[in-house]
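Lettered A, B, C, D and E in written order, each chain numbered from 1.
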C-alpha cells in the first residue's frame, strides 16, 4: 500500500517539475524526487540502493545542480519550442512500454523467472561461499566484481572529464586576495561555522562506519565515499575553496582518485598472480572464505577512496570555476566604477 | 491484475515525463533534470521487479526465509553512479556553454551558431 | 509492562504527528516568509524529536535504541541551525518582515558578498 | 638473355609501370627522361613481338598473379585479339612518344614529367587489359586506365581543363561503377565464372531475358566505347594537348573500350548466343544511330580536333556494329578496323597538333591554303583521311570490306545502308580539309599570307613562300604512321591472320 | 599468462589510465599511452590467432560459472573487432602530441591521454564481454570519455555538439538499460549465451518484443543510423582532429557490433527477422541513409562535416548488408566494417595534418594544397578513391561482396541503388580533389605535414591498398565470423 502512495507522490513531483519555471525550485524538487525514490526503495526492501540513492541522488546531484545554477542563472525561458513532437515521441515510447508490460510477471509474485534462475544461488550459497550476511555486497563485490570495477572507472572517467572541462590553473597572487575575503566573512558565517566544526568529525566517523559496515548491513564503498566527500564539501562551502585547497591540494586528490582505481585493479591482479582468474578472491589467502572477506574489504576500500576523491574533484572544479567567474565580474565592476 | 501492473504503469508515466522534459524543454539544466528523472524511474522499474511479496531485505539472518532478489539491487547501484557521472559531466558542459555562448537556452545557442555559419558563408561568397 | 510501553510510545507518536500536521498547516496559512519559516522550524525539531522518542520505546534491542538516540541528537543539533541559516540568508538578500519597512541602521552590517 | 615467354608477358605489364620510377628520377634532365621513355618503348615492342612469335608458333602463354577474392584471380592469358591490341598499343606508344618530344618542347608545356609518368602507367594498364584472362582483371585495369588518364586530360590545369576533366571522369566512372560493375557481378553470379572462354561462358539454360539485359548493361557500362548516350566525354577530353588526345583517341582509352566490347561479345556471350539475344537488334540500331549522328555533328564542327573527336565516336560505332553482327567476318572486320582506325586517326591528330604548333591555327576555316607551308603534314592528313574513309590505297578498305561482308552475312540490310551512308559522310567532313589546304581559291589566299613566325624548320623554296613544317621528331612520327596506313593496305596478311584467328582460337 | 589474455586485453589499458594521470608530464603520458596501446594491439593479435585456431575462448571472471559470474566470450567476431580498435588506436596515437599542441591548451594534454585510454578501454570492454549488463557499463565509459574528449575541441561549437551527443547518447544508453531489464525480467539471466538459450521459450511474449525494440533503438542511437544521426556531424566536425580520427573508425563500429551481437547471438536469427519486420525496415533506412547523407555531404563547406556525412552513408551500406540476413550479407557488413575503419581513419588523420598546418578545414583553405602538401593530399585522394570503391582499394572489396550478397538474394534494384550511392561518393570526393589540385592557394605557402603525421597516415593508406589487393586475411576472418554467427548462436 505504502508504495502506491510514494509512487503517486513521485508522479505529482514529476508533473510539478514540468510546470515549474524557476530553476531553483526545479532543483529542489529533483532533490525531493531523489529522496522519495530512496524511501520507495526502502519499501521495496532494497536498502543498499536506498542508501546510495539518498546520498547520491538526493545529496550530491542536487548540490552540483545548485552550484551550476549559481553560475548559469535561475530563470528558464517560457517558450516550449517543440511540445507536440515531444508529446508524440513520448506517447509512442510510452505505448510501446505499456504494450510490453502486459505479459510481465505480476508485481511481487514469487514465481517470476528472475527469482527462479540465477538469484536463488546467491541467496542460498553465498553464506557458505563468501560468508557475509549482506548478499547485495557479496554479489556486488565478488560474483559481479567486474561490474563494480567498470562502475568505479565510470566515476573516474566523469571526474577526469569534469577536470578536463573546468580545470582552472591556480595563480599564486589570487590566493592571497581570496584568503582576505574569507577572514572578513568570518562573523557573517559565525553560527554555521561553529556548528559544522562540531559536525564534520562525526560525519567523517559515520563515513568510516558505513565503509566497514558494508558486509553486515546496508553500506559499502559508494555510500562511504559520498558521505566522506559531503563532509569535505561542507567544509569548502563555509571556509572557502582556497582554505579547503590548503587542506586537500589538487595534486593529492587526483593521486588518491588514481590510487583508488589502481588499488581495486591490483586486487584483481593479485588474484591473477596467485593462479586464480581475475577477481577470484579464493586464492588470496589459504582459506577461501577468509580470502573472500579480504578481497571484499580491499575492493570496498578502493571504491570508497575513488568515489570520495572524485566527488571532491568535481566539487572543487565547479567551485574553482565559480570563483573564476566571480573574479571576472569583480574586475568588471571595478573597471566600470 | 490492476494491483500487479499498477506499479509498472506508474513507473512508465514517470519515465515518459522525464523523456518529455528532455525533448520539450529548451533550457539545458531542465534537460539534465529530465534525464535524471528518466534514469531514476528506470531504477524504480528495476527495483519493483525485484520485490517478492512478504520477502525482506537480502541480508541473511536466521529467522527470515524469504528474501527479495539481490541482483537488480547490484545493477541499480552501478546505474545510480552512472547517472550521477552523466549529470556531473552534463552540468560541467552547461557551465562551459554559459561561458562561451552566454546563454543556456537551446534556441539562442542554435541561433548564434546559424548566424555564425551565415557570416562564414557571406564572407566566403565575397 | 508491555502495554505501558506501547501506550507511552503511542502517545508520543500521536503528539509528534499532531505537531507535524500543525507545522504543515502553519506553512500554508501564515502570511509571510519568516512566520512560515517559524512553523517549519517547529515541525523540524520538536515534531521529529517526539516521533523519535516514541519509536525509542518501540525499539527492541539496544543497538536500534542507540542508533535512534544518535539520530535524535543530530536532529536537535542540525534543525535549529538550518532555520537560522535560512533566516539569515533571506534577511541578507533583503527580504524584510511584513510589518517593518525600514530598519534602524544600528544592528545591521552590510558585508561584501555571501559565499553561496 | 632468353626469358621464358611467361616472364616476358608479366614483364610487358610491369615494365611500363616500373619505368615511371626511372622517369621521375630523371625528371630534371629532359633528354635523359625522354631517353628512358624511348628505351622502355623499344624493350616493350621487342617483348610484344617475341610474344607474337610465340603465339604464332602455337604456344599457350599464361600467367597467374594472385587471388584477389576467393574465386576471382588476377591472371593473364594471350589470345590473338589481345595480341593485336597489344601490338598496336606498344608500337603507337613509341610513335606518340617521339611526337610528344617534338610537340612538348616547341609548345613549352609545363610539368612534362607528370605527362610521361601517366602515359607510362596508361600503357601498363593497356597491356594488362589486353592480356587479361578474365573479366575481373580486365575491370581492374580498365579502372586503373581511367584514373591514370585523368591527370593527362586535365594537364593544362586551367578552368576549362577542370570542366573537361569533370565530364570525362564523371561519365567514365559512372558508367563503369553503375553498369559495368553490376554486369560483372551478375555475370559472375549467373555464369559462376568470369574467365574468357571462346564459345561464351553462359550455360544454355540461362533464360535469354537475363543475358539480354546483361548485354545492354555491358554495352552501356563500357563508357570508353563511346556509344551515343555516353559519348560526351570524348569531345570534352579534347581540351587536352594533342599527344594526349592522340593517346586517348588512337592508342589506349578508346581502343581499350572497343577491345572490351569485342572481348565481351566474343568471349563472354559467344557469337551464337549473341545472334539469338532479343536486345542485340536494339543495340545494333543504337550503334548505327551513334555512327550517323556523330558523323553529322562532326561535319558542323569548325574546330579541327572537335571534328576528329566526333569522327572517332562514329568510327567506334563501326567496331561495335561489327562485334554485335555476331558473324565471323563481322568480328574480323571490327578487329582489323581497330588497327586501321588507330593508324589513321593518330596521323590525323598528329597533323592537327603540327598545324597548331607551327601555324597556331585550330579552326578549319583558317586552314585554307596551308598546304603550301606544310606539304608533308597535309599529304599525311590526306592519306590518313582516305584510310578512315576506307578507300583502296589505304588499309581502311579491308576493314570496311569485311564489315560490309559481315552485315551481308547477317543479312542486316539496314546496317549495310548505314555503313554506306556513313562512309559518304566521312568523305564530306574529312576530305575538304586537305582539298582547301592544297587548292585554295586564289583570292582569299593573298590577304592572309602574313603568317606569324614559329620555331618550325623553315626551308626556303622558289615559290617565295617559306615551307614551315612541324618540328622534326613530330614530322618523323607523322610520316611513320602514314606509311603504316599504306603498308596495312599493301601487306595486311599478318593483321588478317590475327583477326581471323580470334574466332578459331590459337594462331 | 596466455589463458588470461581476454581479461588482460581490457584491464591493461584500464589500469594504464590512472597511471597516466599520475605521470604528470604530457610527454611521458603520451609515450606510456602509446606503449599500452601497442601492447593491447599485440594481445588482440595473439587472441585472434588463438580464436582462429581453437574456436571460442571463454573466461569466467572471479572463477564463478557463467550465468552467476561475468563471463568473457571471444569468438571470431570479437577478435576481429578487438583487432580493429587496438590497431586504429595505436596508429592514431602516433600523431597525437603534434596535433594536440595546436588544438588543446598545454595543461590539459595529460587529461586528454587519460580520457583517450579510458575510451579505448570502454570499447575493448564492450566488444570482449559476454554479459549484457557489462556491455551497458562499458558503453557508459566510452560515451562519457567521448563527451569529454569532444568537448575539448578548440571552438565553442564543440561544447554544444558534445552536449547534444550527451543527451542523445544517454537516452540511447537508458533505452538499452530498459531493454536489458525487460530481457532479464523474462529470463532471469544476464549472460548473453544463457539469454540466447532461454529467450526462444518466451520469445512470443510482448515483453520480449518490447525489449528487442528498445535495445535496437538504443543501439541505433549510438550507431547514428539514418533517422537518429543528427548528433554525429557536429560531434565529428568540432572535436579535436585526433579524436575524430579515432572515433570515426571505431565508435560507430562498436555500435554495429552490438547490433549484430544482439540480433544474431542473443535474440537469434529466426526471432529478429521473422517475428519482427526488421529486414524491410533496416533495408529502407539503410538505403535512405546512403542517399540523404551523401547528398548533404555534397553541400557541406567544412570538410570534416563532409566526411562525417560520408561516414553516415557508409554506415548505411553496413546496415543494408546487415539487413540481407544471409551469410554473404553479414560477411559483406563485417568486411565493410574492417575496410571502413581503415579508410576513414586515414582520411581524418590526413585532415588532422591539414588542420595542423592550415588551421581550419573549410573547403576554401584547401586551395592549392595539392602542390604544397602533396603527401597529405595524396592520402586523402586514395582514401576518397577507396570510399568510392575503385578496384585495388579496400572499398572495392566490400562493395563487391555487398553486390554479390544483394544479387544472390535477387534484389538487383537495391544493388543499382547502392551503386548510385557510391556514384554520389564520386561527386563529393572529386569536389575536394578539384579544389585541392586546380585552385591556386590564396594564403601564405604551407609546408608539408610533419613526419609524425605522415607515418601513421601512410601506414593506413598502404594498409588501405594492401588489404584491397591481398584480401585473404580480412575475407577469411569475416567469413568465419559470419559462419559462426549463423551456425550456432555464439
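The criterion applied here is as follows: a contact is a pair of C-beta atoms (placed from the backbone, for glycine too) under 8 Å apart; a residue touches a chain by one contact, two chains touch by 3 or more.
These numbers come from a predicted model, not from an experiment.
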item: Shortest path length from subunit B to subunit E (each step joins two touching chains); value: 1
item: Partner chains shared by subunit B and subunit C (touch criterion as defined above); value: A
Subassemblies held together by touching, subunit A left out: B, D, E | C
item: Innermost chain, taking as reference the mean of every protein Cα atom displayed; value: E
item: Centroid-based (C-alpha) most distant chain relative to subunit C; value: D
item: Pair of chains joined by more contacts [C-beta pairs], A-E or D-E; value: A-E
item: Whole-Å gap between the CA centroids of subunit A and subunit D; value: 76
item: Distance from subunit E to subunit C - Cα centre to Cα centre, in angstrom; value: 57
item: For subunit A paired with subunit E, centre-to-centre distance based on mean C-alpha positions, whole Å; value: 31
item: Subunit A and subunit B: spacing of chain centres that average the CA atoms, whole Å; value: 14
item: Multi-chain contact residues (two or more partners), subunit D; value: none
item: Subunit E, residues touching no fewer than two other chains; value: 133, 137, 140, 144, 147-148, 151, 159, 178, 184-185, 190
item: Contacting chain pairs - touch in the sense defined above; value: A-B, A-C, A-E, B-E, D-E
item: Residue numbers on subunit E that touch subunit A, as the complex places them; value: 4, 7, 11, 14-15, 17-19, 21-22, 59-64, 67-70, 107-108, 111-112, 114-115, 118, 121, 125, 131, 133-134, 137-138, 140-141, 144-145, 147-148, 151-152, 159, 178, 182, 184-190, 198, 202, 205-207, 209-211, 213-214
item: Complex contact set, residues of subunit E against subunit B; value: 133, 136-137, 140, 144, 147-148, 151, 156-157, 159-160, 162-163, 166-167, 170-171, 173-174, 177-178, 181, 184-185, 190, 301, 362, 364
item: Subunit E-touching residues of subunit D, taken from the complex the two chains share; value: 66-70, 139-140, 143-144, 147, 154, 157, 159, 161-162, 166, 169-170, 173-174, 177-178, 181-182, 185-186, 188-189
item: Residue numbers on subunit A that touch subunit B, as the complex places them; value: 3-4, 7-8, 10-11, 14-15, 17-18, 23, 26-27, 30, 33-34, 37, 40-41, 44-49, 52-53, 56-57, 60-61, 64-65, 67-69, 71-73, 76-77, 79-83, 85-87, 89-91, 93-94, 97-98, 101-102, 104, 106-110, 112, 114-115, 118-119, 122-123, 126-127, 133-136, 139-140, 144, 147-148, 150-151, 154-155, 157-159, 161-162, 165-166, 216-218, 222, 307, 314, 317-318, 321, 325
item: Interfacial residue positions of subunit C with respect to subunit A in the complex; value: 74, 77-78, 81, 84-85, 88, 109, 111-116
